[in-house]
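In the two complexes below, chain A is the common chain; its partner is chain B in one and chain C in the other.
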Partner chain A sequence: MTVTPDAPRLHRRAPVWWMILPALVLLVGFLILPYISIVVMSFREASTKAVYGDGFTLAHYTDVIADPFIWGIVWRTVRTALIVTVVTLLLGYPVAYHLARTRSRVASLLYICVISPLLVGLVVRTFAWMIILSNNGIANSWMKALHLIDRPIQLLNTPLGVTIALIHVFLPFVILPLLGNLQAINPEIALAGRSLGASRMRTFFKVTLPLSMPGIQAGSILVFVLSISAYVTPAMLGGSQGRTMAVLVVQYLVDNFRWPAGAALAIFMAVITLAILVVYLRLTARAMRRLP
Partner chain B sequence: MTLNRRHFLAALTASAGVLSLGGRAFAQAPFVIPTYGGTWAKFWEEVLLPGFTKATGIQGQLDVGLGKDFVSKIRAGGAASPYSVFMGNENIAAMLRAEGFFEPLDLTKVPNAAKLHEGLMNPENNGLRGIVSPIGLAYRTDMIQTPPKSWTDLWTNPEFKGRIGLYQIGNTGALLFLRLAGKLFGSGDMDIDTAFTKIAELAPFTQASWSGEVATALMRGDVAIAPVDWTEIMTLQDKGAPVEIVVPTEGVLAYEQSFNIVKTGAAKDQAHAYINYLIDADVQSNMAKTFYTSPVNTASTVDAALAKRIPITGDAMSKIIRFDWDKYVEIAADVADRWNREIG
Partner chain C sequence: MTGSKTIWDYVFLALVTLIYIFLMAPILLVVVLSFSGGEFLAFPPEGFSLRWFGELFSNARFLSATLHSLQLAAVSAVVNGVIGTLAAIYVVRYAPARLTNPLRLLMSAPLLVPEILTAIALLFFFFELGIGNNYSIAIQTGHIIVTFPYVFLNVCSALFNFDRSQEEAARSLGAGGRMTFRRVTLPAIKPGVITGCLFAFVISFDIFNISLLLKPVGMNTLPLELFDYLRFNFDPTAAAVATLSILVTFVAVLIVDLTVGLRSLRF
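Here is the complex of A and B:
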């Protein structure tokens, strides 16, 4: 290609900023403006005659913060998300590790197994869990057949049922980032550890695991955020005992048409999630700085 | 590219053409008809909409959702509602009515309204109830020894304890049951305190968000008895499930779909024509066959076989226990909140 003397000058003059304009329009139009609208709505007075009243108030926030019932649901939501995150990490890591290292022909099959749940609609998967977890469902039937229980254990409409289903739903979201990260780690580093006399276990904990921290961090954040904001699964499997904040927010907004209070509740939950993420990011960033 | 005068004129002409097409497209914008999903949408698409177009010449475009979604869209639409007709449970319609979103029906444009059963036209013609799905007491015939006869059996028959299914408060069925409990045991259907006390006595019970979920719980045997609408139970029976439904001695509850003219909608004439068509005798008979609903039109016919399965037809429509939802609007949010805290 012949480069004319004018070409660099023209390139410098080219207004590159407009190329981000479509993304900016999308971001402002479909994210920032609705967020602003929700924030503003959360300060509007309630009304039974319209979407919201004319005046502004802090009452929705003070009501939320002073309400032990809300805090109970917040705690249940955060606890469920934490359990789901930890369990998916524990279950997903070996799968990701195996997939990253294997050269077996069945690797493709394993990939399909990991991704296939994502190909089925969430509602369908949750319905399947409804059938599995019900009193007369597969889980209880098997436990009875194995003489582990005499009478059915209630799994449906409990936080346990929601947790089990969320672990299944979000497992791929921890495996995939971990897989990418583990594949990027040069296997020769672990081999070097082995050749210096470290056991397989020691090599894993001292070399591979620390190097996979970025993948752990990405996967766990993804699963935590998705779990905390999950709606369909808790709504269908949680019942009153397993109700989470997302379900309560939707109930405020859609069922009871209490838009300002629902908006305040949603923002309250977002702030709590953000606070937990900031703490987690700081802790994991500190841990990663200590990596060799 | 440099923009010369010829290019500019061409672009201007093209723009004018597009604008005029847009204007024509807007003028011919289809009449938007809100309806529910699943078998309802299928019926609307395959039967009701073609019939409506054939009868009136009006092209309709379906918008599938829930009554609550339609409320949100009408509210969000402000002075330009996306719908000219609202379809939703009467308790939800009452809320929009209180907010001033509806206007009275012009009955000269809804001649079929004269044939409605008593109680289905709202005061001052402010909306009518065009689809009625009665709610009775459904039970598993293989799990219950003594079939229920009265709503109060839920409290008195020990066989039902711990095996009852109820709707969650987000479903109109729960509100109907709550107000029924107030009416049965308290000073009236607005005696919410008594209603809460009595419903708490039924615990533990399974709660479901919608009728399909109650039906599934009955099918699985997770619950043995529940208030459910005929539509669900007849569908289960058709599939061979061992379920039966009775008309309690006190009468039945009912999902009553309210049809209203939206004040801020653009197609008032089409909306009137649609409501008139929907409550037509033949259309109502057709719906009864498909959904096991109770025809709202006194001229509708139901054959003997179907009448055996759906007992709330004709004169029996008087067995529907109705509540005034206009005065309930003010306390609706507080009741829902209280349910979450006290019932769970």
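Here is the complex of A and C:
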């Protein structure tokens, strides 16, 4: 018998489509269909007797759009997410660059440093920041010891505290895509730039940085979406001042039982996120087209 | 890199070291404080003691929450281990070419959409189905959905790296389809399956948003219980709880590292 590359297929008797069936049922039945139910719920009428009334209405959307309080929270959420995205990129890029070039035994250890925060629960990591940022916490007592401040500055229950903690929480999400991207770039390309007389700085900005644009794009999108929709960290550290859209949505659903209004707000949040992503993708696509 | 090190190399190294410390310090801080002898969460801790772990283990709420979390995580890992592996084999091996990318996208979807939105979607959906928050089926389904891509993507990458000529060799030696699968394919992709399942376990153990919106009345998971505890208390017992949850994670990561190596992870 000769072995052709198709041999296993010829031997196959039973159809194999059943292999994908359980996963399809799971994802279509319990992810796609439920997402549709958010849309449906957002058009339901409010009711005082049940979680929603009989009819359908657009009122929840007009309420959201007409409410300056909600726009304030939208602006704060988007601003926080943008700051977190930029800072995680600035901090994550050097780490990814370093890790991609480290060949020694410490590489595994450093890799663990990057992924372990990712595996430790969000509540635990945010709790750590509560300890650090509280009025008599570590940040304040060290700043006082260094004579940077006289009195403790309020970090907990402020947007600043939320921003600091989110930067830590999402930093690995920007490092990992960048790491994969940088490892895939052939180091000889940078060497070629160097041998042609370019300085190390120039080589980095003209060769390595443009080539790592896909990693930058993937990482920043991930962090931005995660920051916009983050619930745990703003809920634990934000107080009423640092409230974000996700916190407000959960408040609608869990505390006030205003499900249709909460659904409309959730969709509003998703639409704003998508709109910003579309603009971002257009801008970065233009920048990437100029690549050599 | 060529040439000798300049001052900038050292500046860069110092900067990167600071960022590594920034990544790890908060977690190490929590672990250190859980062994504190003092009453408060202050650094440096006052002395060393295990009393806060004693507090933790005499707290029935934390214990039952831990058991719930372990159970949810174990079921998620096992269920996804089966359906995620089957799906990955189908998508990589047998799916018609034009379906491969749409299927991969669909199978990774839970990772691409915000967890809070998935939680809201499932809350409404199970309510409409009439199941509501009375049974743990809603929360368990949520955990399975969110952790599914970790198994799927890990098995996919194991399949891509696997040389198919081994299967053809087995076939040419007379092994049937099932035999080849069990004796050749499955052992070869085992690292991917193990990594995927352990990841599903670890992620499920820490899931918050899904649990918050879908938990049955009277049931709590460990992250939820810690969240609730911190609303009214701020003492080293919370650090002990956090350390316990970090321990569960690290045991799982250690198993991955010892069996298949950490570098094989896929996100």
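Please note the rule applied: the second predicted complex is superposed on the first by the 268 of 292 C-alpha atoms of A that agree within 3 Å, B and C clash if a C-alpha of one lies under 4 Å from a C-alpha of the other, contacts with A are read in each partner's own complex, and residues count from 1 in each chain.
FYI, contacts are C-beta pairs under 8 Å (C-beta built on N, C-alpha and C of every residue); 3 or more make two chains touch, one makes a residue touch a chain.
All of these numbers come straight from a predicted model, not from anything done at the bench.
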Combined model on chain A where chain B meets chain C, clash or fit: clash
Contacts of A:17 with chain B and chain C, given as first, second, both or neither: second
Per-residue contact with chain A, leading partner among chain C and chain B: C
Chain B versus chain C as contact partner of A:57, first or second or both or neither: neither
First (chain B), second (chain C), both or neither touched by A:240: first
First, second, both or neither for A:254, with chain B first and chain C second: both
First (chain B), second (chain C), both or neither touched by A:284: neither
Touched partner set for A:156, first chain B, second chain C, both or neither: first
Partner chain in contact with A:38 - chain B first, chain C second, else both or neither: second
Partner chain in contact with A:114 - chain B first, chain C second, else both or neither: second
Residues of chain A contacting chain B in one complex and chain C in the other: 51, 130-131, 134, 136, 235-236, 254
Touching residues on chain A, where the partner in the complex is chain B: 46, 48-51, 69, 130-131, 134-137, 156-157, 235-236, 239-241, 243, 248, 251, 254-258
Residue ranges of chain A touching chain C (in the complex, touch as defined): 1, 3, 5, 7-8, 11-13, 16-17, 19-20, 22-24, 26-28, 30-31, 33-35, 37-38, 40-41, 51, 91, 94-95, 98, 101, 108, 110-117, 119-125, 127-132, 134, 136, 138, 168, 171-172, 176, 191, 194, 200, 225-226, 228-229, 231-232, 235-236, 246, 249-250, 253-254, 259, 262-263, 266, 270
Complex contacts: residues of chain C adjacent to chain A: 1-2, 8, 12-13, 15-16, 19-20, 22-24, 26-27, 29-30, 33, 41-43, 82-84, 86-87, 89-91, 93-95, 103, 106-107, 109-110, 113-118, 120-125, 127-128, 141, 144-145, 148, 152, 164, 167-169, 171-172, 176-177, 180, 202-203, 205-206, 208-209, 212-213, 222-223, 226-227, 230, 234, 238-239, 242, 245-246, 249-250, 252-253, 262-263, 265, 267
Chain B residues within the chain A interface of the complex: 68-69, 71-72, 75-76, 95, 98-100, 168-170, 206-207, 209, 213, 216-217, 220-222, 329-330, 332-333, 336-337, 340-341, 343-344
